[in-house]
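Sharing a structure here in C-alpha cells format.
Letters A, B, C and D name the chains as they come in the text, with residue numbers starting at 1 for each one.
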Amino acid sequence: METEKKYASVHYAKYLQLDKVMGAQHLRSVELGKPAHDEMLFIIIHQVYELWFKQIVHELVSVAEMFDTDKVEERNIGISVSRFDRVIEIQRVMIDQVRVLETMTPLDFLDFRNFLIPASGFQSFQFRKMELLLGLKKQDRLTYNQKPYSSVFSDSEQKELEAMENGLSLTDLIEKWLERTPFLELDGFNFLDEYRKAVKNMHDKEKASIRETSFISEEERAIRLKMLAGTESYFDEVFDEKKHIEAQESGSIKMSYKATIAALLINLYRDEPILRMPYELLRKLVDVDETFTTWRYRHAQMVLRMLGKKTGTGGSSGHDYLKSTTEKHHVFRDLHNISTLLIPRSELPVLPDKLKRELGFYITSKK
Amino acid sequence: METEKKYASVHYAKYLQLDKVMGAQHLRSVELGKPAHDEMLFIIIHQVYELWFKQIVHELVSVAEMFDTDKVEERNIGISVSRFDRVIEIQRVMIDQVRVLETMTPLDFLDFRNFLIPASGFQSFQFRKMELLLGLKKQDRLTYNQKPYSSVFSDSEQKELEAMENGLSLTDLIEKWLERTPFLELDGFNFLDEYRKAVKNMHDKEKASIRETSFISEEERAIRLKMLAGTESYFDEVFDEKKHIEAQESGSIKMSYKATIAALLINLYRDEPILRMPYELLRKLVDVDETFTTWRYRHAQMVLRMLGKKTGTGGSSGHDYLKSTTEKHHVFRDLHNISTLLIPRSELPVLPDKLKRELGFYITSKK
Amino acid sequence: METEKKYASVHYAKYLQLDKVMGAQHLRSVELGKPAHDEMLFIIIHQVYELWFKQIVHELVSVAEMFDTDKVEERNIGISVSRFDRVIEIQRVMIDQVRVLETMTPLDFLDFRNFLIPASGFQSFQFRKMELLLGLKKQDRLTYNQKPYSSVFSDSEQKELEAMENGLSLTDLIEKWLERTPFLELDGFNFLDEYRKAVKNMHDKEKASIRETSFISEEERAIRLKMLAGTESYFDEVFDEKKHIEAQESGSIKMSYKATIAALLINLYRDEPILRMPYELLRKLVDVDETFTTWRYRHAQMVLRMLGKKTGTGGSSGHDYLKSTTEKHHVFRDLHNISTLLIPRSELPVLPDKLKRELGFYITSKK
Amino acid sequence: METEKKYASVHYAKYLQLDKVMGAQHLRSVELGKPAHDEMLFIIIHQVYELWFKQIVHELVSVAEMFDTDKVEERNIGISVSRFDRVIEIQRVMIDQVRVLETMTPLDFLDFRNFLIPASGFQSFQFRKMELLLGLKKQDRLTYNQKPYSSVFSDSEQKELEAMENGLSLTDLIEKWLERTPFLELDGFNFLDEYRKAVKNMHDKEKASIRETSFISEEERAIRLKMLAGTESYFDEVFDEKKHIEAQESGSIKMSYKATIAALLINLYRDEPILRMPYELLRKLVDVDETFTTWRYRHAQMVLRMLGKKTGTGGSSGHDYLKSTTEKHHVFRDLHNISTLLIPRSELPVLPDKLKRELGFYITSKK
C-alpha cells in the first residue's frame, strides 16, 4: 500500500491540483453580462497574494514551533534565519507585484468595481493570521469602520484568530528567547556595567573635545553638543530599569528590559561566533518588519491611485486607513530602535580572553 | 580639424573620464587613521545617486523645453512619454538600491559616522534641482531646522535655484498645455455639459436601484448610499468653478479649473487616437510622482534603521523630516485625484460620429 | 433576478474562491509520512506561476482577437500596447520570483524530490498555450526525450493545442498587419527607393572619409572598414527581395519581405504621430520576447543549481534542454533584427511636407 | 592637527567630490556639433557601472585578505558572508539597471555611436580586476579578436593585472581553506567511508524497490532506473580520487579532491552549528557566480537588441562573444556541481553523539 502510494505516477497538473486552482476565476462582470477584461487580473493577482500569504504563514508557524521551547536548539536558529530569508524574498515579490496591479487603470477598474461590493481585502483571513503570528496585538490595531477587525469572519475563523491572539506570537517567543540569553553575566563579565562605563567614558571624551576645540564655529559646536545631549538621554532608559518600565507602561516600548539588554549585547558582539546567528536572526526580523511596512505603503499608494478620494468598496477611505497601518502596525519596532543604543566598535568594552574563547566553537576552543 | 576630432580614437576610460570618477573616493576614516571598510560603500552609493539625479535632471529639462511653447508639437508628446519612462526606470533602480545601503549595518556606520558632521543629503544640489523642475514650490516645502532649504548652498547655487524657482516648472508647463486643449468644446459637443448630465443620470439610476432593492441588508444599503453620497460631493467641485477656485485658495487644489477639466476629458476619452499619447503623458506624471514618493519613503525607512532615534548628522531627526516629505512633497497630486472623477465607460457621453472621426488620424479620416 | 445577482453581497473569500485555491496544497511528503517543510513552497510557487501563465494567456488572446481582422482599429493598437505592458510587468515578477524558489536549497529539495516522479514543468498546459499564442511553431521546437511536446497531455488538451497551432498566432497576425501598412508608397514617396539611396549615400561618404583620413592608425582604419563592409552586407537582403526569400527558405528569417520593410519604416519614422503607437507595439513585442527569454534563462540556471548534473524528474537533463530553448524558442527575433537595418536620423530620407502633415491627426492637419 | 582634521566641517558636495564626479560627462556629440540627447545616459550609466565594479572589487579584496592566512578566523567567515551579501545586492541592481539602458532605443544610439569608435566595454579595467579576483584564469578565457584581453590596457595596468593573475584569487583561497577543513576525519568518524556506504545502501534499496514494484509501467521503471544509473556514475568520481584527478586533467573539474570532499561535507552537515557559516559562505559564492552570469546574459541581450547583427564598436560581434562568456566564464561551477552529490537527509550517516556535541559551541558543549 505504502509502496503503491510512493510509486504512484505523479502528474504535474494533478499534483498541483490545477483543476481547482485554474478553475477558480469566476468573473462577476461576465456573470452579469458586462464582461470586463481586467477583472481576470483583479482575481488572479489577489489569489496570488493569498497563496503567498499562506506560504508566509507556513514559514512563520514553523519558526514559532522551533522557538516554543525552554531551550532553542542552536541549529534551529540557522534554520529560522533561512526561513525568514525566504519570507523576505516573498515580500519583495509582493511589493514588486503591486506594479502589475497598477497596469489596471482607474477607468478599467470602474468597469466592474460596482459588482464587488462590499468585498474588501479587509476580509483576508490569511493576512490576519500573518499579522497575529508576527505579534500584532488587538489593542495596538487601528479600528476600521468602528468594528473589531475580526467581525468580518465566520465563527470558526474568529475562534481560530482568537486562539492565535491568546497564544504566543513570534514577538513573544523571541522576547522570551532573548531573556534567556546566558551571556549577560558570564565569568565575572557584567555586560551592563561595562557598557555603562564605556558610554559614559565616550561621552565625556567627546564633550571635552568639542568644548576645547577652538576653531569650530559656535553653530557647529552647538549642533554637536545637541546631538550628544540627545544621545545621552536615549541611554538613560537602558541604564535605569525603572525608566524602561515606565516607557513600557506608557506604551512607547513593548519589549522587556532584559530582552532589550540581550538584543543590545547580541548586536554589539555579533562578530563572536556564538552570537553570529542570533544576530542574523534579529536582523532578519527587522528586515521582515521593514519589508512588510513597505508593502503596506505601496498597497496604500495603489489604492489612492485607483480610487482618488472615493470611498473603498468596504465603505471607508481605504487609503487613509492603510497608510496609518504603515505607522502603527510595526511589530518589531523595539528591535529597530536598538540602533539608538549602539556605540562604535572602538569604544566597546573588551571581552576577557577567556570569555572570548568560550564564545567560539568547542573544537576551536579546545586547541 | 573637425575630421580630426571626429576620428579621434576614443578610449573607454578616457571617454568616461574614469580618472576623475574613480579617483573621487577619499575616505575620511583613512585620513584620520581609523580605516572603516564600509565608508567606501557610503561614498560610492551617494555618488551613484548623484549621477542618477543628474540624469533625471537632464531628462526633465529636455521635456520642459519641449513644453515651453504655445503649441506643443504632437511628436514631442511621444518623446516626452519615452523620457518619463526612462525617469521611472531610473527611479525603480534608485529604490532597489536602498537595499545595497542597508547591507551596511548601524554598527558599521558608527565606525565613521562621527567623521562626517555636519554633511547631510540635505545638501544635495541636484536633488533640489530635480524637485524644482518637477514643480515643488517654496511655500509648499517643509522647513527643516528652521532655515530655508537653500541656505546650505553657495551663492551661485542659490541664484541658480532661485532662477529655477521663478521659471516654469513641469507642473506649470503641463497645466498650461492642458489649458490649451482644444477638445473641451468641439463641433457642438460641450464636454462639461454632457459629462454633468451623465453623472447625474448615473447617480439617479443607482440611488433608485439601491432604495428599491428589497433583499439587501439595511447595513449594506447604508454602505452603498454612503459611498454614493461621498462620490456626489466630489463631483460638486467640478460642476461648480467657484468651488474649485475656493479649493485652490485654501490650498487643497493647485491645478486650474480649466486644466482639471481637460485632464478629466483626456482620461475619459483616452482610447481616441489623438488623446492616447496625452493620456500616456498624464499617466507617466502620476507614475513619476508615485515612484519618487516611494523612494522618499524607503529613504526615510533606511535612516530610521540606521540611526534609530538618534539625531542625524545634519542636527535634526532625519527620519521624521523625510517621512513628512512623502506626504507633503507630492507635486502631481491633482493628477492623481482625477481618479475620483472618473465614471464607468458604460456611462460615458457618446461622442458624435463626426467628432470621433476627427479625433483620429488624417489618413484614417480621409477615407 | 438580474438585480438580485447584481446586488448579491460579495464576500472576498467567496469571490476569489479561496476554498478551492487555498485547499489545493496536498503534500506528497505528508501523505507518505515523511513531511518535508519545503514541499509547500514547491507547490505554491508552481501554482503562482500557473496563475500568471493563465493571466498572460488571457492578455494574449485578447490582443490576438483585436488583430484578427482586415483593418485593425487605431484605438486597439493603444489598448494592445497596454496589455503587452501588463504582460511584461508579469514577466518581470516571474523572473524575480525565481529567487524565492532558490531559497529552497538542493538538500531541502531532496527531502521530497523522489516522491514527484515523473511530474515535470514540461507538463504545463498553460505554458504551451502561451508559446503557441506567441507563435512558436512545431517545426521550430527542440524535441525533448524524442517525443512530441504534446504527448504528455490528455486527448482533449492535445486537440486544443493542435487547434491553436493551426490557428493564427500573434506572430502571424502582426505580420499580416505589417503587410497591410499603407505607408510604404504614399503620395509619390516610395520608401524603399529613398531608403536605398540614403544608405548608399551614407556608406559612400563614410568610406571616402575613412580612406582619406591620414592620421588614424591602419589598425583602426581596418576596423572601421570591416564594420562598414559587414553592415553593407546586412542591407543586401533588404534591397533584394530574392535574397530575403532565400533566407526565409533557409529558415534564418521568418518574417515576410513586405512585413520586414514595414517594420523598418515604422522604426525609422516612429516620431510621426500616426506611427507612434505602431512603433510602441513593435517595441513591446521585442520586450516580451526578451523578458520571456530571460525567464527561460533564469529557470535553466535554477534547475542547474538544484540538480547539478542530475537527471530531471522528467528523465532527461533539464538544464541543457532549458538552456537551449533560450536560444531556439525566440519568436520575435526578426523584429529584434530590425536594429541591424536602422540608419541615423541625420541620414533619413526627408518626408515631403504634405505627407508629413498627413501622418498627423485630422484636427491638427486641418489647420 | 589631528583634532583639526577630525573636526573639519564636512560638506556633502566636497566629501563626495561632486565637482569631479558631476563634471565628468563630456558628450562627444556635443563636441562634434551634433548633440545627441541620449549620450548623457550612455555616459552616466557606464560611470555608475564602473563605480559598482570598484565597490565589488573593494569587497572581494577585503575577503581575499581575510582568507590569505593559514588559519581563517571563525569571525571572519561571518564577515565574509555579509560582504558577499552586499556584492549580491549590488549585482541585482546591476542586472535591473540594464533596463535603464534599454530605454535608449537602437535608433537613438545611432545618433552618436559612430563618434565612439573604438571604445568598448572590453576596455574596462575594473571589470578585469573583478574577474581576476574571483578566479578567472587566462587559460580559461575566451579570446576576443585574437588578442590577449589585457592588450587594450596601459603598461602599468597590464602589470597590475598580471600581478593579480599570479597572486591568489578567491577561487584559490577558498580551495585552500576547504582543504584545511578539520572535519574530514574526526574522532574515529571517517566521513568519506560513511558517505560511500550510505550512497551504496541508498541506491541498492532504491533499485530493488523499483524492480520489485509490479504496478508501475515499464516506461516509468525505465526512467527511474536510468535516473539512478546516471546518478551512480556521478558518485564514482567522488569515491575514486584517481577519476577525480583525471577529470581535473581534462579540465572538466578545477577544484582539488580534498576541497571537493570538504565542500560536500559542509553541504550535507550544514545544520551543525560550526558548519553553518561555512555553508553560508559556499552558498553565497554560488549566488555571486549565478548572479554575475545573469548579468553577463542580460548584457549580451542588450547588445543584441541595440545592434542586431551589426559589428560592435570594438570591431567584433559583441553579442556572440558576450553570450559565450555566460557559459565559459563561470568561476565557481565546481561548487554548483556539489548539488549532484547530495543525498537526502534521511540517508545521511548519523554523526556520533560526542562528535555532534563537539561541532557546537563551547558554552553549549560544556553543559
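Rule of thumb we're sticking to: contacts are C-beta pairs under 8 Å (C-beta built on N, C-alpha and C of every residue); 3 or more make two chains touch, one makes a residue touch a chain.
What you see is a predicted model; the values in this text were computed from it and never measured.
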{"item": "Matching chain pair for B-D (criterion: over half of the contact pairs shared, by residue number), options A-B, C-D or A-C", "value": "A-C"}
{"item": "Taking each chain's C-alpha mean as its centre, the one farthest from subunit B", "value": "D"}
{"item": "Interface residue overlap between copies subunit B and subunit C, same or different (over half shared)", "value": "same"}
{"item": "Centroid distance [mean C-alpha coordinates] between subunit D and subunit C, Å", "value": "30"}
{"item": "Subunit A and subunit D: spacing of chain centres that average the CA atoms, whole Å", "value": "31"}
{"item": "Whole-Å gap between the CA centroids of subunit A and subunit C", "value": "39"}
{"item": "Shared-contact residues (touching 2 or more other chains) in subunit A", "value": "9, 105, 117-118, 220, 270"}
{"item": "Residue numbers on subunit A that touch subunit C, as the complex places them", "value": "2, 5-6, 9-13, 15-18, 20-26, 28, 31-33, 37, 40-41, 43-48, 50-52, 54-55, 58, 62, 82, 85-86, 89-90, 92-93, 96-97, 99-100, 103-105, 115-126"}
{"item": "Subunit B partner contacts - residues on subunit A that touch it in the complex", "value": "34, 105-107, 110-111, 113-114, 117-118, 220, 223-224, 226-227, 230-231, 234, 267-268, 270, 283, 286, 290, 293-294, 297-298, 301, 304-311, 315, 336-346"}
{"item": "Partner subunit A, residues of subunit D touching it in the complex", "value": "3-4, 7, 9, 74-75, 78-79, 182, 209-210, 213, 215-217, 220, 270-274, 276-277, 357-366"}
